[in-house]
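Letters are used for the chains, namely A, B, C, D and E, taken in the order the chains are written, and counting of residues starts over at 1 for each.
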């Protein structure tokens, strides 16, 4: 039986805002999902569960969705949560969240017929709509706080005196040192949450996290906090558990992005030669301690739409060399085939730097000169890639719950934009485009899966990206931490069921 | 008079350790000083005058220097054997010293009043107020105008001449029995130098201390002292009352020294004769290990014996003595 | 009447101040020891890669293998790269950057200091304002900014280090020049028609050399430490691995492999130590006061 | 004298303006763009939003206009908002300066105290064991990279023998308050302060030894000894006061460079100070914060120079004359 | 001084140094004198009275604020470049500190040869020969050419300095206290050398010293400086037998003589220290320390008035009985030849 009381200590590596409506990512999302409630939550196997909405009805044409709100729900400041707040929240997210328009672009209008009712009218069916209504992606914001006309992205209340709707309230918010959340006594789900407190000390240093976990100073460490070698270490430690559950919906994939607009990478043979030269199995072993698998396509192996039926490219240096010769890139008089600059972004150095260095060493064997260029800061890299001013770059992105959000963006012909993590490499295959369009509105799960399988195969045939090993994400928690969310969103789900059994 | 000599230095040898070798810079030095006596020590630069003076206070920089032989008997007590504690009682109290460089010999961060007063406090156990009063009194004695305000000045606020007066005040504050002045005026202007010497003359009577005045200026010796000791390359080579010494120096070196100084006396034809010259330079301490008279290489009258045997100090009567084989042989 | 000169028994050999200093230096055991270490490190960095041919950036063995457990003497790093090969090749990078940054530091410092000290007055005023300005900048932070903003290439790193470190050399040079400018031998040179250029570079500079050589030597050490700091923070050329970067790269793995940070750190430590020993030795050798003791 | 102070202040002011202009220009002419960085952190944005952000931060203006605006704001004490944290830069700095000052003062003062004692004692006996020890410490401290020392200490005192926390400024458990909180912070302070202090110690023991040696060889010490003052008076009254002067100067200088001095140590120990903030701001290209910190540290240097000046005046009466 | 052309003519020379924080040092403040060929001209005065500054100005080694300097009749006050180089051949300097005046990094031979190279005198072979000649002239052995300055004694160094000054066969040598740093025994060697060179080569000296005895020994004419100005000038005999300025009196009586045992009671003693050249007193600059000063002395500066036969004095009271009496007492007390 769940026990009440106790403090769960986890960590944060720094956040700039606590409001998930204006900021994606785990740093804001993990605490944000505790502070703010959502209409629904997502449980095991992507099953949508009631949260602030205790029921909902979808019309037959899939174009109208009606939500009934829990009675008596209140914000942390005591104001009631109403349909107007929900409407406001959705509009805010649509306008401000990076995926706002991807998620809610097809929401034509929002109607609040009664304080405890909200009706969404859609222009087209939106298959992933309900996934987008969890607190991580659409937190319920108090309109009386945020509706004052100030810019949402920089609203002062995103950090100071935050008023939420979720199971926990902000007690102390000092990003340099710690964030402390305390139990919301007036939470609308009666008898919840169980924990008295969740503490997020600022621990930037992964090493420290490992030691703290070993010593039991941290009870729970999700998200890139743990590297493969640490996992081996912690698996041996007393009272610590390591799990890779809870990252399926995030689906972090790494890839080598080549600018397809220019020679030599506009030639598929060259890309294929590269794919043969790079032994991603070896990388998975070395960089991730054999704890991940090589990526085989745009979808993470944990994604419900993942398909293994794709072409693969065995490591074969001779074949690679032959292909390059054939493609018109023999070893030249200067002893090299060609040279290119490989950009290395700064945001995932532990993965991308070794990958890039490996690629450099591997391609050197094929007489290709690779110059690594480390971006001085995130912005510079973004600028280079989003203005298509690059030859090749290490990259990575999240699948997110629905491929429409995390996957389509890379392949849509009309998403060739000067925006980072859009179709920056300049790929356009009308066939794929059509398939993507169909998959976006297909509501039948099986048919949708088939469509995505096609897409994955085609994309790998075209070798749009050269996929690297998938990221290793693990959560470590200590004995006694019970009822952790079993959602594919893991740590980004609300913790109202978690309790301590010590 | 107690019967005992105030100071009696016996066979003093001081060595410096240089590149692993002990180099003597003062050797076999003996001299005496009575109460109220004024002794001048002259000699070329580097001949060991300052080191001798410092040794009297136990202040030979050590390492690398040390007193390797001999005795320094102060009122019968051997200061070479005395411990640091005993030396501290003697220093500044029984024997005090005025140094050559008035610009750097005062501590820049304390007022001159304090620097005088602390000596009185340490040796006489005076209260701070009494010690201060004593300091002001001393400043007045050495001729510093408005001493009570000047006592609050820091050294950098004074001119060189004034600083040297302060040094003298420090040296005299405990009414020492022996005052050593090591070239007290070389760093000063001619006119200021004269002022300081006048002060010495004036104080000599008042304080009744014995004085050792170190200088390379024979003119100063003539004016200020009644006995003179000449050093050359770490040894005493001649000694005697000033008047006789100036009139009739006996050692070839001192003879040269007295006559190589240009004089303020105008020859009738307005064309002064060339000066007497001592050729060569003082040998460095390293060169002193060879036998014979250290001056022999520069001496016009050097004999074979001079190059092999070190001359002994021969008494010449009237309290005079010289270390020269010529004199020894003439006397014999 | 003849002006007799002293005639020592035999004519002494000519001993230049440099020779004299070298004699002094030779007697200083710790300085010689430092010189030996430096020679060793330089030799290893220059010829090492040809002798020990394991590729430094290739993943050759199981990651995090401790020293002695494989053919790779010092073990492997977190990516299974040979640590020894990394150290040998990293030495090249570290020394190159350290040396070029030091050269830059000294060049700027001496030029500014020499001009300010020699000409004095307005020139001095202006140059000293500039020096003050660079002193006010927080050096490491500013170097970080420069490296970050203008991309971390070896050249940029060396330039950044040079640009933030020259002020003390400039001040020292200035002081030396001011002192020497007033010396009579400089006036003597002027009185026989020497121009400013000759006075600055041929007359004063050689005489100011002893302390400048010491700071130049020491500034190599400082630059190496500086580079190590920048690299440790990740501000390093991605195409070149220096010792500092090895420490930074291996730091996350210290729980499993202390050797990954210990060895590169020791290399830096030893190199800079050797340089300081030599610097101290030079200082003593050039200091006439100590010579007598 | 008054005129001199005024000149100094004016000089300092000009210096500050120069620092502002240089930093500003440098950061703005460098390739890269703060808005892109921000947008990246936010996970992407539309061109309209980017344009809007640009105009909001005034980044669409020509550089000299931006500079003018910036200087104008500074004159009113407004250092702008952090692009990343979206807080006033002054508030951010104020928040982070405490830990840095705590770290650096602890390290600096203990190093100065111990270093002076070591230096003073070893100078008196130049061939003693202590003297050699000081030489070893100072050589080692000069040669070891500070971050490496930090890591080695972690390996030694946190990993091998788990005595001290490895990073941060306080324990994860926030329950501690009052005295416990202070003790907790002190516990966390030990390693980073020790690391930094070792480096400083190397410097100060060497400096004070050299300075003491020089003073002990000076004429006025000979005078003091000739006066028959007891040894402790010679050393502590006459020598120390003079020998301490260079220590004062360097302490002032180093304190002014506090942020630079702390960056590496703060990074190793994840100490939540200005150094880490600066480093993060560089990585995030948080221009206003970065400019604020750079300016702030320049102000620190200038202020510390003035303070050193005042202290110096108290210790060394010669300065007053100038 | 008519007939022969003067080697050096200085008229109303002023050299002022700006100092940090505003203000000026009036180091040399309007001096005039002339130097006939073959004459040694002595400049005496206390430390800081401007002797060195005046001398260096004559060699164009510092900036001249006002006045003119003529060398062999040519105005060299403002010339530059080649013209200055040419002038430099004729005027050379021997400096005070034998330890500081030689470049420690050059060999003795190179030091002596340097002026020949820089001033482009003769062919290289001639220059080498000239160096040998100079070494012999000043009494150094040729094998010592290869040694470095630190290997010489002070007296020997000063010989090198003299040799260097003689290299370009100048007509005028400025000697800035060439013997003050030397021991008396060595001082005699150098003084004799200078006297011999003057005789043999027909040189003129501008000779600076604070030691009256030295100046008297070597110089034919003498000027006494006080605080940037000449207070008295005349021939050697005039200065030493009829010193007319109270400051000259003080200087003469301040010299400790070995032949005045026990000290002279008639000494003229000055009060206080020389005032600062930064703010020289108005009126007679010596008034503050002068036993004979009256109100007019403090108000108006006395001109340097020629009392006849080239003997000039700047004193309001030079002929007042009180001052004359003091002089008589001084001369009587001084042990004259």
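The definition used in the following text is that a residue touches a chain if its C-beta (ideal position, glycine included) is under 8 Å from a C-beta of that chain, and two chains touch if they have at least 3 such contacts.
According to UniProt, the chain labels map to these proteins: B, E = ABC transporter ATP-binding protein; C, D = ABC transporter permease.
Since we're looking at a predicted model, the values are computed, not measured.
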Set of chains adjacent to subunit B and to subunit C: D, E
Chain located farthest away, centre of subunit B as origin (C-alpha): A
Most distant chain from subunit E, judged by the mean position of its C-alpha atoms: A
Pair with more cross-chain C-beta pairs in contact, given B-E and A-C: B-E
Distance from the mean Cα position of subunit E to that of subunit C, given in whole angstrom: 48
Gap in Å, rounded to a whole number, between the CA centres of subunit D and subunit A: 39
Computed distance of Cα centres, subunit D from subunit B, in Å: 53
Numbers and ranges of subunit C residues touching at least 2 other chains: 1, 3-7, 148-151, 251, 254-255
Overlap residues in subunit B, where contacts from two or more other chains coincide: 274, 277, 279, 281
Residues of subunit D touching at least two other chains: 30-32, 159, 282-283
Touch list for subunit B against partner subunit E, complex: 44-45, 159-162, 189-195, 197-198, 201, 216-224, 242-243, 246, 256-258, 260-268, 270, 272, 274-279, 281-282
Residue ranges of subunit C touching subunit A (in the complex, touch as defined): 55, 57-59, 63-64, 78-80, 147-152, 234, 236-239, 249, 251-256
Subunit C-facing residues of subunit E, complex: 56, 59, 61, 84-85, 88, 92-93, 95-97, 100-105, 107, 114-115, 118-119, 138-141, 143-144, 146-148, 150-151, 153, 156, 159, 161, 164, 167-168, 189, 192-193, 196
List of subunit C residues in touch with subunit D within their complex: 129, 132-133, 135-142, 144-146, 148-151, 221, 225, 228-229, 232-233, 244, 247, 251, 254-255, 258, 261-262, 265, 268-270, 272-273, 275-277, 280
Contact set on subunit D toward subunit B in their complex: 218-220, 222-231, 233, 237-238, 241-242, 315-318, 321
